[in-house]
Amino acid sequence: MYRAAVWGASGMAGGEVLRILAQHPSVEVACAVSNSKKGQFVWQVHPHLRANFSNLAFCNTDEGLSTAADIALLAVPHGTAVPIIESCLKKNMKVVDLSADVRLSSSKDYEAWYGHSHPNPELLSKAIYGLPELHRDDIRDAVLVSGVGCNASCCILGLYPLALMGLIEEARIEVRVGSSEAGASPTIGSHHPYRSRTLRVFEPFRHRHLAEILQELSLKESAVTLTMSAVEIVRGVQMLSHIRLSQKMSERDIWQIYRKAYAGNPFLQLCPAKPAHLRFPDPKLVTGSNNAMTGFALHEDGRRMLVVTAIDNLMKGAAGTAVQAANLMLGLDETEGLTMMPVYPV
Amino acid sequence: MYRAAVWGASGMAGGEVLRILAQHPSVEVACAVSNSKKGQFVWQVHPHLRANFSNLAFCNTDEGLSTAADIALLAVPHGTAVPIIESCLKKNMKVVDLSADVRLSSSKDYEAWYGHSHPNPELLSKAIYGLPELHRDDIRDAVLVSGVGCNASCCILGLYPLALMGLIEEARIEVRVGSSEAGASPTIGSHHPYRSRTLRVFEPFRHRHLAEILQELSLKESAVTLTMSAVEIVRGVQMLSHIRLSQKMSERDIWQIYRKAYAGNPFLQLCPAKPAHLRFPDPKLVTGSNNAMTGFALHEDGRRMLVVTAIDNLMKGAAGTAVQAANLMLGLDETEGLTMMPVYPV
Amino acid sequence: MYRAAVWGASGMAGGEVLRILAQHPSVEVACAVSNSKKGQFVWQVHPHLRANFSNLAFCNTDEGLSTAADIALLAVPHGTAVPIIESCLKKNMKVVDLSADVRLSSSKDYEAWYGHSHPNPELLSKAIYGLPELHRDDIRDAVLVSGVGCNASCCILGLYPLALMGLIEEARIEVRVGSSEAGASPTIGSHHPYRSRTLRVFEPFRHRHLAEILQELSLKESAVTLTMSAVEIVRGVQMLSHIRLSQKMSERDIWQIYRKAYAGNPFLQLCPAKPAHLRFPDPKLVTGSNNAMTGFALHEDGRRMLVVTAIDNLMKGAAGTAVQAANLMLGLDETEGLTMMPVYPV
Amino acid sequence: MYRAAVWGASGMAGGEVLRILAQHPSVEVACAVSNSKKGQFVWQVHPHLRANFSNLAFCNTDEGLSTAADIALLAVPHGTAVPIIESCLKKNMKVVDLSADVRLSSSKDYEAWYGHSHPNPELLSKAIYGLPELHRDDIRDAVLVSGVGCNASCCILGLYPLALMGLIEEARIEVRVGSSEAGASPTIGSHHPYRSRTLRVFEPFRHRHLAEILQELSLKESAVTLTMSAVEIVRGVQMLSHIRLSQKMSERDIWQIYRKAYAGNPFLQLCPAKPAHLRFPDPKLVTGSNNAMTGFALHEDGRRMLVVTAIDNLMKGAAGTAVQAANLMLGLDETEGLTMMPVYPV
Amino acid sequence: MSKLVTCIVCEGKIQVSDDLLEGEIIVCPDCGSELEVVSLDPLTLEEAPEVQEDWGE
Amino acid sequence: MSKLVTCIVCEGKIQVSDDLLEGEIIVCPDCGSELEVVSLDPLTLEEAPEVQEDWGE
């Protein structure tokens, strides 16, 4: 049994890491770090985990650092992970950092998108972007892997087959997100009377996750817009990409491209073209699972295309992909602890 | 045109007062008081009111007190209304106070339910409980009227016909509430991921509003329990009262009792007994309106009874009833500005 | 008092026509036609209208045709309106037909989009497209006016200022719709467990309403795609249009264009650019009202633009605009009976 | 590997049986019976199961009966199970029947509650009520086990500790249900615009499931009312029981009673008394799992008590309990295939 | 051309036309009950059995 | 006691009091922009940096 230290364990993504590890056959929880909840039982914050962790209490940073573990999973806010990464690496733990701190490989890009220089640029060159579908082999050998942006991973998984072929001339990406994406702390924007049933367009053209998308798909910013909307779901991200292809394609071609790219990736699923109502994936279909579903339609002109991808932001968009990467880093089967079925309808 | 000063204008109930007054034929807004939003346009907080109040800005307490007005409507938190009431009365304004500060007529009751003595007990004896259905004539002559608890008014309106006849031997009251009831400030309990689709039982046996219910229905606490649940709606309160009648009754009797009690009350509606799915009112049917709908069923044993009442908490449960009382105090028709249709389905 | 015959009165749009007319100062309901519900009280189908129509019962087609009325409002399914229009015109009633039967002016277009030839092409040349914002004067003089597609009217109102200036080179339109758009009859797609919280992309590139959009905006189909998604709301349509402008523009220019186009249109509102969270309209802000809100952002390249428009599909997208047209046809003020406030938050 | 025939496989409960069996370590799907969908792939009806059953097609009754299987799980409508039970038993399959056909042990009770005599009363005496928490040993030896009513199982699990001790003098039971309870077929009541956010009280005093509750808890009908409300969730049942205890009790006593009764039942969980917001269970906390959570509060008078229980109707209220019973009948560990974590928040 | 009868369920007043027929079903606008005219002289009403739409669960 | 100035973002008309001060922030009621009065003579406005409430995700 490997031992994992979970940081940010009182948060939304941290709680999901715990939910996964509760039944992981080869990894157990070494400690659950939260400074604000130190001493409280984990179930006081995550009541759904009570049967699994009846006696586990949160520990603070110091206790976390002095707990022996094979790997650390950091679900802490952007900008706070770097010192924890440094400490964990020093103690020879492997690290998966779900925050955005080491997602970009170029410190120049980091500065451009985050508005300040990176506190430890060496980490950026060491870290692997933690999407197994793109970097499986590198992750196996890595000691430091970044998690993925939930919106970013949804977009990347849906578009990389086309990007690899150089087919994306222009992409107008719509992303719809649920409320769990913003974490466990209440804000005016998450206040139920206002958040409920909203169709809130909160970014017209770009979002920080665009940096990861451009990096991983090797696209130029001028070719891509990313529009973000908050909608009435708790879990789930859905991407709609309106693509202009760089050359005329047939539907058959597209099928081959996706099929080839997705082969060997246990969590990627292509939607059927028929019946029509199943052509594009609804996040409802992946709730609670680590699945990513993608569907597409090609316009009769052969140049316009719609690609739709759906994931559960807390699973494939955060904790699920993080554990998937951890599995690879620990030499385990990629799917261990991650084969839970989606819950539908819910 | 009468002029009304609206206090707590940046809040949930205050916003609803403004929504009503925006189209009131005889009352206009003199000022909208909010200290934290002072100087901001009203539409920056209440964007749905932009077409109606394009240039109105919030003013602070001092400006509020120095604005000439015929009546003040206070939608401020419990415990903060008394000094405002005192200042307004001194300036010869009439006052409707939506908070709980002057709802109870006995200062002993106030102390028992609120845990501290009342800062100005004289106000309690002066104030009329602002439910026109029970105190229409007194309200007409009053200078100080309390608003109503949203849960309390729902319960009182549903049960007073039975209470007047002395028929309530025991009442187990279930109240289900929407998220707007808790006001405009985010809390962990109102955070969308947790509040969404919740069925949260937050009070097993009593709630502060019970004090008003007992007072207005002349019931003893030992005969009544009040269980509160938060459910997935934004607006709306629904009461289910499981009654044990003090004597055996027939359905026909109950119809007569309710019909008689409700006669002459423009916002009270009795549900049909058939078709069965319309027998008990759903808050969906009153959304946005000042209506209160009540339906009942009598058990075949003639002693057990279920009474269900539905209101929109921001209208009949707060701002609607407050304006209804203000109308009476100003000598206007009770229904002025309050005849808006419910929006259904929504 | 003018008298209006309401056809399709048992349906979703018909119910909303009744909700409006219940408080219209100058138009009253002459009859409510429904063959399947004939003899039932209107409130048995529309329980929220009970206080307003306590004794009105549905009548059948024959009774409908023999009831004297000044105007007929038809909220019947597409393909069933033509014979009713013919009969009503013969009886010298004016007609507003909410269905799609007379929305297109060209019978060739009709055939292309609806797959069969029009049963009475003469009506097409006689009918005016019933959007007062575009055809106010023609509507005043018309005896036959079409209603508007709910999605179409949302798109047209948001884009006509740009279209008038010839600025739309390409438009990728996303429309999000609520469940009331599909009418009052249950289907597998409207079944709550499946419809609830769905993000169902049901049309990738076009929809019948595109025909109206192209006609009214004088755009070519090759420049426009229309993607439709069903989302978790009951009322509401939201359009997001990703525009490529035909020439570089400044934000100031766009403001002038919209301001000029919207001037004199009582129900059109422009969103502020700041604060950012109010820049794009949420259908939540117009629920129950006849308002249409539009907001936009111009990309820093001056060529990419996002336009967002929100309406209540049953109001501005159906019954509201129909009554607005009827008002004009009857010589009344356009806004009569339509000034109800939005209900927010709900 | 045991083989299970799933009947009613195209339905809501049948789909959940398939979802469970997709990952059951010891039971596999022998066939999925649906006459109306015969020949279609299972994923065309249950798209979330596509990765697990990519090639499984529905078969019809004849094919179902001629497929070899160790056990049959019937998720067919009430009134249609008896002939299937008879055929399966004849073929020496064991049977779990989720419908209400064999839930009552007395044919007299059956007639009283279902309004017609039972077609095969012998089955009633042979069948065991399939709640392992009450009949574990009998189920192990049975060839025919009934499933449980979802509302019934929620109530029974919450109340049997008190009932066993003879403590229930009176129970006023409130049950709140989600839309998946009514199955996969659309009706006017499940139409999204009407079902969405409803608080629909559809039974004031009783419901057919009351028969099972009375039978299993040995209570008299005169002591119990069962009020049913449909609320805005898809999955989930929540019971609130307002109990009058037959004698004065202390909180400590109640804790002992529940602890003792729940010991050894892997899916039953008692809520903590503190913090207060976790005292009563929300169905949100068990979504997708086979857990049943119960919390209680005792009034200071020692006689009034509130008991709240929450389950996922498709899991512990239907398919989960059915598989749990099947496990016992097949000599497997009761929890096999049923240990999936709840998905929270969702 | 119309007269008032009293609802047997709620004692509400129901407006009916003068040419009421035996066997006719009338609906009380107050309580919604469907009442069958079982005899005209004396006017006798009975509750008609309810045909329910599917609004339960 | 008030005069109209033109918004530099949308060219909307903003009503301001006569005793406008340098450094004052005014809000355009049309486009909502916050504008700082950087000089009074000639009247010069600049867009003020926006302080955002947390409405994103």
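We just call them A, B, C, D, E and F in the order they show up, numbering each chain from 1.
What we mean here is this: a residue touches a chain if its C-beta (ideal position, glycine included) is under 8 Å from a C-beta of that chain, and two chains touch if they have at least 3 such contacts.
Note that the coordinates shown come from a computational prediction; the quantities given were computed from them, not determined experimentally.
*Asks:* What is the minimum number of touch steps required to go from chain A to chain F?
*Replies:* 1
*Asks:* Kindly list the shared contact partners of chain B and chain D, in label order.
*Replies:* Chains that touch both chain B and chain D, as defined above, are A, C, E.
*Asks:* To lay chain E over its twin chain F by CA atoms, how big a turn is needed, in degrees to the nearest 5?
*Replies:* Roughly 180 degrees of rotation.
*Asks:* Which chain is most remote from chain F in terms of Cα centres?
*Replies:* Of all the other chains, the one whose centre lies farthest from chain F is E.
*Asks:* From chain A, which chain is the farthest off, judged by mean CA positions?
*Replies:* E
*Asks:* Can we say the copies chain A and chain B touch using the same residue numbers, with more than half in common, or are the two sides different?
*Replies:* same
*Asks:* Using the touch rule from the top, work out which pair, C-F or C-D, shares more C-beta pairs.
*Replies:* Most contacts of the two pairs: C-D.
*Asks:* Could you work out which pair in C-F, D-E or B-E copies the interface of A-F, where over half of the contact pairs coincide by residue number?
*Replies:* D-E
*Asks:* How many Å are there between the centre of chain A and the centre of chain C, using C-alpha atoms for each centre?
*Replies:* One centre to the other, that is 40 Å.
*Asks:* If you look at chain F, which of its residues touch at least two other chains?
*Replies:* 32, 53, 55-56
*Asks:* Residues of chain A that contact two or more other chains, please.
*Replies:* Counting only residues that touch two or more other chains, chain A contributes 179-180, 187-189, 193, 196-197, 200, 202, 232, 234, 345.
*Asks:* Okay, what are all the chain pairs that touch?
*Replies:* The complete list of chain pairs in contact reads A-B, A-C, A-D, A-F, B-C, B-D, B-E, B-F, C-D, C-E, C-F, D-E.
*Asks:* Tell me, which parts of chain C touch chain A in their complex?
*Replies:* 172, 174, 176, 189, 193-194, 196-202, 204-205, 222, 225, 227, 229, 231-233, 236, 238, 240, 242, 276-277, 279-280, 282-284, 297, 299, 301, 304, 306, 308, 310, 345
*Asks:* In the complex, go through chain E and note every residue touching chain D.
*Replies:* Residues 53-57 of chain E touch chain D in their complex.
*Asks:* Applying the document's contact rule, which stretches of chain B touch chain F when the two form their complex?
*Replies:* Touch residues, chain B against chain F: 40-41, 44, 54-55.
*Asks:* What residues of chain D sit close enough to touch chain E in their complex?
*Replies:* 177, 179, 181-182, 187-190, 200, 202-203, 228, 230
*Asks:* Quick one: in the complex, what on chain A touches chain B?
*Replies:* Where chain A meets chain B, its residues are 12, 178-180, 184-188, 190-193, 195-197, 232, 234.
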